[in-house]
Amino acid sequence: MNGGPTSLLDVSDIGIAFGGLKAVDRVSFKVEAGQVFSIIGPNGDGKTTLFNLVTGIYRASQGKVRLAGEDITGLAPHLLVRRGMARTFQNLQVFFRMSAVENVMVGCHLSERTSFLADLLGLPAVGRQNRVTRERAMELLDKVGLAPLADASAGALPYGALKRLEIARALAASPKILLLDEPAAGCNPVETEAMDHLIADIARSGVAVVLIEHDMKLVMKISDRVLVLAQGRPLAEGPPRAVRDNPDVIAAYLGDHGAREADRAHG
Amino acid sequence: ADPIKIGSVVSATGPSAFLGDPEARTLKLYVEELNKKGGLLGRPVELVLYDDGGDANKARTFATRLVEDDKVVAMVGGTSTGATMAMIPVFEEAGIPFVSLAGGIEIVEPVRAFVFKTPHTDKTACQKIFEDMKARGITKIGMISGTDGFGKSMRNQCLKVISDYAITVVADETYGATDSDMTPQLNKIKNTAGIQAVLNPGFGQGPAIVTRNFAQLGIGLPLYQSHGVASKSFIDLAGPAADGVRLPAPAILVGDKLAASDKQKPVVAEYKASYEKATGQPVSTFGGYGFDGIQLVTKAIEKAKSADPKKIRDALEGTKDYVGVTGVYTFTPTDHLGLGTDSFRMLEIRKGDWVLEAPTR
Amino acid sequence: MLTVEGVSSAYGRISVLHEVWLQVKAGEIVALVGSNGAGKTTLLRTLSGVQPARAGRILFEGEPIERLEPHKRVMRGISQSPEGRQVFGPLTVEDNLRLGAYRRQDAGTRGRLDHVYGLFPVLAEKRKIAAMSLSGGQQQMLAIGRALMAAPKLLLLDEPSLGLAPLLVDQILAAVRALRAEGLTVLLVEQNASAALAIADRGYVLETGRVVMEGTGAALLVDPKVRAAYLGL
Amino acid sequence: MSEFLQLVFSGLTVGAIYALIALGFTLIYNASDVINFAQGDFVMIGGMGTVFLMASGLSLPLAALIAVVAAVGVGLLLHRLAIEPARGASPVTLIMITIGASIFIKGVAQIVFDKQFHSLPAFSGDAPIPIGGATLLPQSLWVLGTAIGLVVALYLFLEHTLVGKGLLATAANRLAAKLVGINVTLILAMAFGLSAAIGALAGVVATPITLTRYDIGTLFALKGFAAAMLGGMGNPLGAVVGGLLIGLLETFGAGYVSSTYKDAVAFLMILFVLFFLPRGLFGGRSVERV
Amino acid sequence: MLGKALRARYTPLLVLAALMVLVPLVSTSSFHLRVAALVWIFALAALGLTILMGYAGQVSLGHAGFLGIGAYTVAISPVRLGLDPLLCLVLGAAVAGLVAYAVGRPILRLKGYYLAIATLGFGVIVALVLHSEAEITGGPDGMAVSRLSLFGWRVAGATSWYWVTAGALLVGALLALNIAASPTGRALRALHDSEVAAAGTGIDVASKKLAAFVVAAVYAAVAGGLLAAMNGLITPEAASFSHSIELVAMVIIGGLGSVFGTVVGAAFLVVLPQMLTALQEYEQAVLGLLIMVFMIFLPQGIVPSIRAYLMERLP
């Protein structure tokens, strides 16, 4: 648009309304590869809905989403993953009847090279593929610290573990951009710190991370940029420190506690 | 001595239960009585009875079981034409006589060595009805048929013979076996110009509902039912609406009204008395089919003086002038039904009762 | 008020709680901390009776309740805001709240409803909306509000601050303190351990299904082991 | 015109019967997420019970009352002996149990009653009421009236009583229902009892029109289920609208398209509606939150 | 050891094969062989549902419709098209697959009970057509089916049919087990749990569901074709609603998602009625009672429940 190099993710003027409620109202932002881009804001002010718009779960009533320059607005979720966008869910969407490792193996779906017919006939290639997939899934579980629980049924995992399981599953799609909806919810500060390292790691490997989170310590510490949504509208956008000091943001969202937490991140 | 085993597969449950149930009861009753009288050829008789639930596939399995496991020497059963057709190959192959209780003409046409049947065919019923219509000067009729096996087959047979009587069908409707309202179809018939009478080939509760809806719409034309409703329960179900309905039926429904000279009178009276005493339910033609079936077989065994299936078959085929409750049977190598049109009587329902040979208006 | 004596619990063959002992006195706020999978949620479920206790006794106001069905425990005055919110999705926000008072239909219901709306004004705004279309944080507020509607004597809170904006976390903890001042007793499970211990009279640390430490909130806050393992300091 | 009106009357009558059965489905579904395949058999118990009690000399109202009470008893026993012991099992398992129950009830009914069709006298005589060239049976008014009365009662119960809300809450989230103090067992028992009562009542008012037999429940269950789905599962108003609509579709199908394929006409319309409204007419358009 | 065997992928297949060899050793009565052959046929039809319901979590209450399509293709096409009966079996599978594709595309968007009623409607319509188009299908009394010949060998007699149906089931079971342990199987189980999340990992949920539906239809059609050819006669009853329910019941009673369970479920519903005939009029009541008792005490279905019990007790 403005002639500059295309951003990895470019969301412009996106919006949706439920009944009379403008849950997301003309929001725009850009995310570059390797960046951690955080979205914060009061409860119910449109963060998750924004994710749902970007990932094609809701159909936007206005606006565009571009991924690496290509218009992907309104593409079905499974097609988006194929183009390199993966996400986790605030309300867990885990395959509860499968084991932890199988959950991640499903995530590897796109990289698997077998056909329906081969699967049906049980060709040797399928067995080989299964072994490859499993190995890769184990690596990912190890990365999020769940390797010891690989064979446990997902239904039996504690809440915090499920959040990490979803991240491993999303990573399995080898995304270019990863959208995380409150990954640290249900983690204690120590566990949050591990999450912090994990996200930083992911970003370092060149993946863009878009993060929704209420844990200010985490947000302030690892974000490159922060977008604040209030009542579906952008309230502020900028580097973490600038956002933290914005009086509107403090009044609408952070409060004293949040501001304190945010400060702790910066030491 | 070893019992003589007679097999049976009927639809004692399922959609045709009201046919299969009286058949089953009759068979049990008569085998019991037979044994009280000392059985056959000095041996007790054992009835091996299975319920196919109206499923032809199950009937086939039970047929195999009767032949292979139970080693029966003869078979009386097959409530529906479909089930009978499914079982025929089993008995033909094993060489065991099979007396079917189903209506379809294809059971005995072409004639198969081991297969006989007791009920009238639909064709005879149609002929009887059209004779009556013709006598009343009716030339244009509406038809409303059930889509069950009985209704469909009778409809086809009627359409085949109708031209012999110079009658034409000007409205042709159907209803499903389980429908509970036939007003739309009857309404169409009502609005067809020139119609003079309505014929309803069908069995089960359908004809009763047709009869009620017919009265509700005030159609006011003669209504003909088939032998498929020839049981007291039809009158109960249709209620006052049944008044004036005509149908062809075997003697059994009007046993007490038969002329004293009628050959069938004593047989019918005896069956009616014993069935109603044993079951507490009114007789129906369907039980009568079973009665005739088992009688034909036991008589054949007595005549053959042997429980060898082949010999029973030969004796069966030699049956001559057996007076049953359905009619008088004479089998020949080319006729395994052996009933004439005269075994049907034309009845009219008046004040909740059957009236014989109602004179034409 | 509540005494837990050697309670064990398991899912199928997997034992999760191993002889847990703890006590909550009337009018106290007791915090329960522990890492993912320690068994905090399982303990609360066992207290509410939706998860059977394999062994041990639970005394509430001096009487054993471990055999009572869940609704009887609610009638005695124990209510819970569960993990994962568990709102009645297709029902409206207001119906959810009214159902919170299922066992306590009295003159006070209206007042408590207003109280909850006062605490979370957004719920009042959305009172006619199906609970499942609320945002995550709004659902969390609803779950807490619903538990309050029962006017319990003992309130069990499973990670009430989960998914709430920082501003609201402050409000919730303040509200818990205010409720205590009105005589309510609270057993609080929190990942935000420093905040929880700060308002708690006493605290317990749960590790793989066992109580490994207990003390006053202030004491635990400064305990080096707790600080390292749960506060990240 | 009179033909059209006649079809409307027929359609509404048949449809009201379907609606009554669909209402029975609604209650149990609302409490437990389970489709009770034995629902049609409650209808049969109502009808057959009344027939046989009347045959033994009781008056119609008394016979009907006893038959409905008996059906409620069967419903409660079904819950106590078959559903409650399987507590915690998945809906699929529970549905299978109700299928077993349906076979069992039919099996017992054919012994206790018989295998013949039976009818009841129409409550207010058989004289058709002529309206605009068409005729309406007084019994149709009984059926329609019962359907309307029950849907209003059910609506008031579910929407305006706390116990009704508790019933909805139990289906929405069993765990949370327990945590707010709902006696889930009691709610389920109540749902089965009430459903049985509704079903049996339907059987009593419908039998003079449809006739009844020990195995008529299968057909009723099928049509009632279709009606409930067309209306949107769980919504009493939907159940009634769905039932009436299917009744009308069938009669219009038979009257104007083909009497042979009228069931196909009805089902094709259901498919058509579901294509645009995947949760039925009144099932709402709720989006799954993630 | 046993524990390990319980987990191994092809154990069910081996057990099944062993059973198949065992039956004719115990009895050669053509009645017993016929009953066993019926178990194999219905198990094959139900296996399709296992893939659809057990793996992918999509119900079908109209599956007998596909069985009917397969059966009637085998019955009709030799007469009308003069095709070889074996070819007709293949044709039946293809026709059913195509119909499933056409029907599945619009209706598989529906979920849960709404899908159930849509498939039910489909089944009812198929049964109605078979029932009504008497000129082609022979109407309610059904039509005769010509003998099947496999590469010149005319299949006749109980023993031959026993082995043909057993072979067909073994192949069907092998394919079903293969799918379960493959990426496709994982995808199906995943969308069973959460369609949103499955789509979120790149699975094309709609096309996977459709594939499962088509495969399930093909299974049923082959089973229907075999049934028709074995009986030499087919009636529209084969496509009836009650048969659809029976197929679903086999899958659930045996154990949802378990291949061996499906065979056990089929045996349960085919053999049990044969054993209960001695009870005469009490047969139905006892059958219903047994279904209830089994589901109450083995809520996961016969095979998974027993398997879980053994696994708990074994090292």
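A, B, C, D and E are the chain letters, set down in written order, and residue numbers restart from 1 in every chain.
By our rule, a residue touches a chain if its C-beta (ideal position, glycine included) is under 8 Å from a C-beta of that chain, and two chains touch if they have at least 3 such contacts.
Not measured: the values here are computed from a predicted model.
Colleague: Quickly list, by label, the chains bordering both chain B and chain D.
Modeller: Expected: E.
Colleague: Please state whether C-D or A-E has more C-beta contact pairs across its interface.
Modeller: The greater number of contacts lies at A-E.
Colleague: Quick check: how many Å separate the C-alpha centres of chain A and chain D?
Modeller: 47
Colleague: Suppose each chain is reduced to the average of its Cα coordinates; what separation in Å results between chain A and chain E?
Modeller: That pair's centroid distance is 42 Å.
Colleague: Please tell me the distance, in whole Å, between the geometric centres of chain A and chain C computed from their C-alpha atoms.
Modeller: That gives a centre separation of 29 Å.
Colleague: Give me the residue numbers in chain B that touch at least two other chains, ranges are fine.
Modeller: Residues 12-13, 147 of chain B touch two or more partner chains.
Colleague: Which chain E residues sit where two or more other chains touch them?
Modeller: Residue numbers touching two or more other chains: 132, 196, 281, 283-284.
Colleague: Would you please write down the residue numbers of chain A that are in contact with two or more other chains?
Modeller: In chain A, 48, 57, 89-91, 93 touch at least two other chains.
Colleague: Once bound in the complex, which stretches of chain E touch chain D?
Modeller: 106-107, 109-111, 113-114, 116-118, 120-122, 124-125, 128-129, 132, 196, 241-242, 245, 249, 252-253, 256, 281-292, 295-296, 299-300
Colleague: Taking the touch rule as given, give the residues of chain D at its contact with chain C in the complex, in rising order.
Modeller: 162, 165-166, 168-169, 172-173, 175-184, 284, 286-289
Colleague: Quick one: which bits of chain D touch chain B in the complex? Just the residue numbers, please.
Modeller: Within the complex, chain D touches chain B at residues 3, 6-7, 9-10, 13-14, 17, 110, 114-119, 121, 126, 128, 135, 137, 206, 209-211, 213, 215, 219, 250-252, 254-255, 259-260, 262-263.
Colleague: Going by the contact rule at the top, pick out the chain B residues touching chain E in the complex.
Modeller: 12-13, 49-51, 54-58, 60-61, 64-65, 67-69, 80-82, 85-86, 89, 104, 106, 147-149, 152-153, 156
Colleague: So in the complex, the part of chain C that touches chain D is made up of which residues?
Modeller: 48-50, 69-71, 74-75, 79-80, 82, 86-91, 95, 98-100, 102-103, 105, 130, 132-134, 146-147, 150
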